[in-house]
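What follows is a pair of complexes built around subunit A, which joins subunit B in one and subunit C in the other.
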Partner chain A sequence: MLRPPEHPLRSLYFVNGWLDAALIGGLSIIVFVALRLFTSNHTTSWAIETASILSVFVNYPHFSATVYRLYQSPDNVRQFPVTSLGLPILLIGAVAASLWQPAWVAPYFVTLFLVWSPYHYSGQTIGITMLYARRSGFEVGRWQRLALTTFVFSTFIANFAYPRSGDPIMRYGVMIPIIHFPAWFGILMIAVMCAAAAALLYFVFAWSRTQARLLPAIVLLPAVTQLIWFLPGTQTAMFYEFIPLFHSLQYLYIAWAMQIGLRMSEQAGAGAHRSIAYESLRWLLRNCAGGIAMFIALPWLFFWVNLPMITTAGVVVAALNIHHFFVDGVIWKLRNTAATSPLMMNVADWSASRVPVTV
Partner chain B sequence: MPIARTVAGLLFVLALLCCGPVLAQELPKPLSDPVTGREAFLAVVIVAMMFGGLVSFFLFGRVSEKTHVALALLSVLAGGFSLLVLFGSFLYENPVAAIFVLLLLIGMFKLMSLFESGRAGRKQSKE
Partner chain C sequence: MKKLLLMGAIIIALGAAAAAVQLVFSPLVYAGCPVTTPPPAPPP
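After this line comes the complex of A and B, so read on.
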């Protein structure tokens, strides 16, 4: 159960309603609608190139932000030694095995990442929903959480039950066969999803009636966004290429709020706006550089492997992603009290630096 | 009763004498066959899992329970991945088995989401 807010909030949003709604999912929904209406259902090189360029500024920094938060301090490494040190060793072993046996280890390593990835997206959807629920005062008890998680994870499973194509696909330089499920499985998952959605809406209406006000739409926005990403989104070839980008954008926004909240709480109120801009720019540049090092420089280190570069890069990318899934599971728990407080602040609090945060 | 035991013993010895040579002929000689890539991969995974266990053993009393749990989960991940490599073709060939494999993978992801979080330890302390 979420703890009640530790101090009265000035606003539900980190910056404002428009920006929060856009980055948490609104922008992705607008892009989806535009691509659905105005493009054919075939991936074009334009979509792939655009998504690749934007990756450098959004996707890669989102991975780097996670890594930076864990490894920036020896204390953090000591707090999570297996995640920080043990897991990379295991993943290096998995990369070595995949490059050693590219025919039948690499496809399963990439498959593991491709199945884990939407699971990770679902976890983020639940996390952000819980965050805004807490900020809005919507109490998420056992049954509300069950309805939310059932809805979110059923969209994830239904996404697998309805593949876009029946043919094997080339992902990250590795040929991946399509998983075929029985027809009834997809129908079952849609039924479960609808039942969970109905239960969730019941809790929302019950809360709204008790509180005599409507639940802020942003609380439900992450779940609606995930529904669009995973069902009509994956069926829309052009939009499919951009889903990781929007997931990363969501993540970066929350990670940025966390970073600024922590930094601003260490500084006095004077010149705080300039500090926010400076700290944001510094953080973004650092993460862009880190992302380029991880996703462009690191795969190049394997140039000597006698395999196509795209295959080598695909295996390394799979390892970086799996590492990210683990790291993301622990970084929000770094020194729990401090890790929660910045996420309950907003831009006004950062400027005034009124809320003391124990670091 | 002693007679019955003696008869049973004799029958067992006779059975061994009859079937023994046949069994001996059928015994495979795995070490004389060349190791396939898949067997070599399995061997590496087994070594990795043993290594994880040994690290946990040698760090007993020096690191927290949370770290031991995380090391155990690393072994689960290594074992789970090797099973996926061995039997993953079911995922693509048999639709019903695909459901089973997908649910197993989700279970493993859920388990890994508790990785080094200390939640397992908290649950234990509540009990």
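After this line comes the complex of A and C, so read on.
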């Protein structure tokens, strides 16, 4: 996904420390602390409605951004034909089977989505940590990577193994089978998580001592953020509603940096003059429209199916999410013609492409 | 600058209209289910 920098980086951050830290997890931590301190532990309708309104501007565009990145050029489609063309056909088949057999197929299809989702969160946490580690010069070797991935995935597994009632739960209008874990398993995973955290901190201190400087906090911010989202965050009812929003915000920021980096590099070669602000708004507008089409319009196309709307919408949402998980696995591997990987650039590099930063 | 303001206004208007439709009609919002990738587990 990443190449070593071809020239010394002007900054560790894409834009600046405050904005990067806020969008990568800082803002979510502030909101978590505020909701934990000042609200009761019950979800209120305003939280659901606020999260729902914000999802149009953040969550849906985050899905659309992956689709846009993959399908925006025929060359991308040719690089990953199975994901680009085969996967949608497979998912249409899965949706058809789920709607045809809502009692037999839909529960497993929706469960696949619900299990894969936290795995996807974890993958994103590791990816962003690796990105900032590379940008800061922190070498992630075999053991550092093992400590990081063990820590991140153990937060996911510990959360999953948390003992809860043995009854199946209703989600998206279908009964979700419960996966049972023995009580000791959750405790074991917490112990593994603590051991991995200790190992990771050891590597950080060792690096800081060798380099005679502290490791920038943003390198560890994604892992800390995931810890809060997955453990105390899921126990805080009001905050729980906003976790997908913050995951999407984190994703959108990196995807935006990628898109702008690519566009600015291309335009520098072509001599085109477009501002970063213009490109950003154009990209956001397309992704807002794409997200609305995917999550508001598409589920309504199934109005004729003789099932409760929540079930058809839930199955469609599961398919869109699974498509996102697959596509996310390939879009960061797409080849580009730019000399420097867009993910190793920053706002100063973009503006150096003879493009005005402000308008 | 004019173009930027126009695009910003379109995004806000489009998003507001979509959010209103969603709040009124979405069965997932009624049911309190997150309409996008959900967090790992519901609060017990």
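By our rule, the second predicted complex is superposed on the first by the 324 of 359 C-alpha atoms of A that agree within 3 Å, B and C clash if a C-alpha of one lies under 4 Å from a C-alpha of the other, contacts with A are read in each partner's own complex, and residues count from 1 in each chain.
Here, a residue touches a chain if its C-beta (ideal position, glycine included) is under 8 Å from a C-beta of that chain, and two chains touch if they have at least 3 such contacts.
For clarity, every value in this text was computed on a predicted model and none was experimentally measured.
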| item | value |
| --- | --- |
| Subunit B versus subunit C as contact partner of A:Pro182, first or second or both or neither | first |
| Partner, of subunit C and subunit B, that touches more residues belonging to subunit A | C |
| Which superposed partner A:Phe38 touches (first subunit B, second subunit C, both, neither) | neither |
| Touched partner set for A:Phe160, first subunit B, second subunit C, both or neither | both |
| Which of subunit B and subunit C A:Phe303 touches, first, second, both or neither | neither |
| Touched partner set for A:Thr111, first subunit B, second subunit C, both or neither | first |
| Touched partner set for A:Gly93, first subunit B, second subunit C, both or neither | first |
| On subunit A, positions contacted by subunit B and by subunit C | 120, 160 |
| Complex contacts: residues of subunit B adjacent to subunit A | 37-38, 41, 44, 48, 52, 55, 63, 67, 70-71, 74, 77-78, 81, 84-85, 88, 91-92, 95-96, 98-99, 102, 105-106, 109, 112-118 |
| Residue ranges of subunit A touching subunit C (in the complex, touch as defined) | 41, 43, 48-49, 51-53, 55-57, 59-60, 62-63, 114, 117-118, 120-121, 156, 159-160, 162, 164-165, 169, 171-173, 229-230, 233-237, 240-241, 243-244, 247-248, 275, 277-278, 281-282, 284-285, 288-289, 292, 295-296, 300, 308-310, 313-314, 317, 321, 324, 359 |
| Contact set on subunit A toward subunit B in their complex | 80-83, 86-87, 90, 93-94, 97, 100-101, 104-105, 108-109, 111-112, 115-116, 119-120, 123, 153, 157, 160, 177-182, 185, 325-326, 329-330, 333 |
| Footprint of subunit A on subunit C - complex, ascending | 1, 3-4, 7-8, 10-11, 14-15, 18-19, 21-23, 25-44 |
